[in-house]
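In what follows, a structure is listed as structure tokens, so that the remarks can point back to it.
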């Protein structure tokens, strides 16, 4: 994994308010190319809000976000450019139920990147092979299992050939027996050198794949460490409490 | 309340039959009509009341009713003052629409055996009664025979051809639809939808015409449309026009996000003008990213949903020609404009309900993929929202069909209005019961038929939605 | 952040690419189009009205109206010399009378038929279904015309009316029912009954609390109820707060000031509205009851409740949550449908406005009429929304 000099994501002192509620309090972080960052923390700590500000699904109220050299502002061109560099996978899959799997994957390449249909379908089939469900191409999402749907969602995000992939609790809505197949796909993606930011509770996965663990609590980054450092020797009290709860069951 | 009867000694269990009193007509009667003493009393009362009502109706129908008011005025009731020699154009339109309806039924619905029997039975009645009447032609008035030959037969023989045409086209279309469904269901469905979209303008052109008196399709101005024809044309035009307007209004009302800020009210907040400012600012921010558009849509929708339709008709009657600067705009066109604007507000609310039923993640996924707002709406939110909204939408279309009757209050002569004009004629004064019963049956047949179709659509639609998750 | 500013200089991007500007621009364009259209249309209308010399102000309201209205709460509520404003007021009162009475009756009838639709008795189910289908699938205006010609016009003269229990009389002059007339003691009766109800409820709760805490039987419900009703009944017998005024038949019809008399047109519009709207309410009630999961019925049956108790205590309260929004819709429809009163000769707002339109310009009249209906709709919506909020099941 070669890392270039400039970090691909720079976040400096980002704040966000929902009315009077201070959701993000001065987040600062840098992500290098090819790095896999796992974000964990109790619910309501601002993890999802944070990664959604990176691709402008939420607007940050103060601070700087710079993605691949492009500053995230109110400029529509910047927003569109940044969104085309970032792919996102949601907890609820959010596949489009009225389109087939193939149509789900080819929709954005055809209409946003303006690729011809043949080429978009070729890319789609390759991605379906990569997530190991090529035979489902003409089914509708409602006919697939949860694990299959999430893998299609990953393929759909990859179809735009993003440099960064954001995962918002990708396995939290899955039945236990299907978590492994999705994590396998994510492991393969990490090995291939993709920059990934993953919000998850899957500590086994984090330990194995992450380059860095970031612990959020109450809208702040409380602790940042390598996986081994974080799990074996958490530095702060809050991190210790959180780990005790998560690792005990 | 089953009572078990022990089998006779030595008889194997498989030979034990349900006791007679548990099956058959008696069992059904017991379960449905005489379950408890209270139930039995209720049954007796209902039979008495219902029976006497039915007997009164039959007695009136046979002895006192004079159905010639319908047979003599049939053309006016059906098409108003539409020229008789151009009637074939109307017939063509009816065939087109009914065929399409049949095809749609074949593709998306199911023909139950009971319905098929009902159809065949109904048609047979219309065919056999006039035939039977010929053998009873000499029966005197007042007897059942006289009634059949003098009253029912002319009416039924008049209705026989339209009914045969309708039912025939419906069933032929059904056959075509089922056949097409076997071949390629999706493409059949898509072509049928396209056919519906182009058939309504085609009907409009067929009915109205475009050339002068000697050409192929001479113009029949809207002022000559009347009766059932006018009812259908009003409804069709309004349905086709209000649908896109309603969708635009719904999108406008839903524009700009749905994050809600709550106003935490300190005690006695209304005394403090600063709190009023805070409340106002929170209300404004809650309007989202496009407050002006949202406000305009809300004002339009709430205004038109708060006033009765007759007031809109009445006002439009005066205002539309003035507003467009053209005094020659026909009353029918004014009514169409009024009905379209009015119903668009209701359609907007129904579509908005569909939009709100969508999981918000759909729009987020579309945005994350980079789709522009227009693309996201066209490809993702609207198709799904409309699919969800189909049952209440069809219900609203049926209501619109009935609402056309209100133009009678501003003097237009659709089916209800023209019946009043017919009744005003001196030879038909007092025959209001017969005419209104007939008009009620006509409305009932179409309205019930459309809601039956809507229920079938709902059943197949929800199945489809189950399939697509 | 100075290092950031150096490495990634902030480029002043063109304002037409700013998201906020685009949003504002889109709105401004839409606003401009709408306002432009509105101005053009209104201008046309004004010109047309001026050309036809039709006045558009509200000054007519104080002028004498030139027509009279016989329908109302009092005798001769509006005479020829009364102002147009008075005519509107009388018409509004009539609309409210018709709407309120129809609302209550339609709800009761709809509730009854909706429950009948779910009965185990085949006849009850079928007759209810027939009723619903017939009244839902025919237009209201047609039903009103039918009622007018076939019922209203066939009513007998007041000298030989149809006699109903009461005694009440139904004829072409209207419906005369016995009337309760308050006497001087009725105020005291109301006060005493209110006190009695309050004391009864307080006693009930107190006794119930005692029973829950100590387990002693206290007959809370029986005592509470008997106090509540007993005081009212006792006070009635002692005070005689109301006298009953029976309608009487004179030589030319109903004797004035005897009994409560409503016009036949009122009866007709109420009948039409009730029959039509109750069919829709019945369907709403039916689907509301069916929306309660069947497990609720089973659990209640297993505990030994009777059918009536289950309906009253368990199913209907839950069904109400689903019923209230569409019921609100039907109430609004009923209020707006009252505008068809002219079809049965009832002097409600729209009918009176049409009469006015013969001598005064239509525009201000329609503004007032639409304003009245809008206010009616908004008030009804607001009230029903409060009710709706109360019945929502609280979730996390």
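By letter and in written order, the chains are A, B and C; residue numbering begins at 1 in each of them.
The rule is short, and it goes like this: contacts are C-beta pairs under 8 Å (C-beta built on N, C-alpha and C of every residue); 3 or more make two chains touch, one makes a residue touch a chain.
All of these numbers come straight from a predicted model, not from anything done at the bench.
Asks: Please classify the inter-chain touch graph. Allowed labels: line, ring, star, complete, other.
Replies: Shape = complete; every chain linked to every other.
Asks: Greatest Cα-centroid separation from chain B: which chain?
Replies: A
Asks: Work out per-chain C-alpha centres and flag the one nearest the whole-protein C-alpha centre.
Replies: That would be chain B.
Asks: When contacts are scored as defined above, which chain pair ends up with more C-beta pairs, B-C or A-C?
Replies: B-C
Asks: For chain A versus chain B, what separation do you get between their C-alpha means, in angstrom?
Replies: Here chain A and chain B have centroids separated by 49 Å.
Asks: Using Cα averages as centroids, what's the distance between chain B and chain C in whole Å?
Replies: 26
Asks: Where the centres are mean C-alpha positions, what is the separation of chain A from chain C, in Å?
Replies: 54
Asks: Where on chain C does chain B make contact in their complex?
Replies: Touch residues, chain C against chain B: 23, 26-28, 30-31, 34, 41-42, 44-45, 47-49, 120-124, 127, 133-134, 136-142, 145-146, 149-150, 332, 336-340, 342-343, 350, 354, 362-363, 366, 369-370, 373-374, 376-378.
Asks: Under the touch definition given earlier, write down the residues of chain A that touch chain C in their complex.
Replies: Listed in rising order, the residues are 6, 10, 12-13, 64, 66, 69, 71, 73-79.
Asks: Taking the touch rule as given, give the residues of chain A at its contact with chain B in the complex, in rising order.
Replies: For chain A paired with chain B, touching residues are 18-19, 55, 57, 80, 83-84, 86-88, 90, 92, 94-98, 107-108, 111-112, 140-143, 153, 156-157, 160.
Asks: What residues on chain B touch chain A, complex-wise?
Replies: Chain B residues touching chain A: 259, 261-262, 359, 361-362, 364-372, 375, 379-380, 383-384, 387, 465-469.
Asks: Quick one: which bits of chain B touch chain C in the complex? Just the residue numbers, please.
Replies: Per the touch definition, chain B meets chain C at residues 31-33, 35, 39, 42-43, 46-47, 50, 256, 289-293, 296, 303, 305-311, 314-315, 318-319, 321-325, 327, 402-403, 405-406, 408-409, 416, 420, 432-433, 436, 439-440, 443-444, 447-448, 451.
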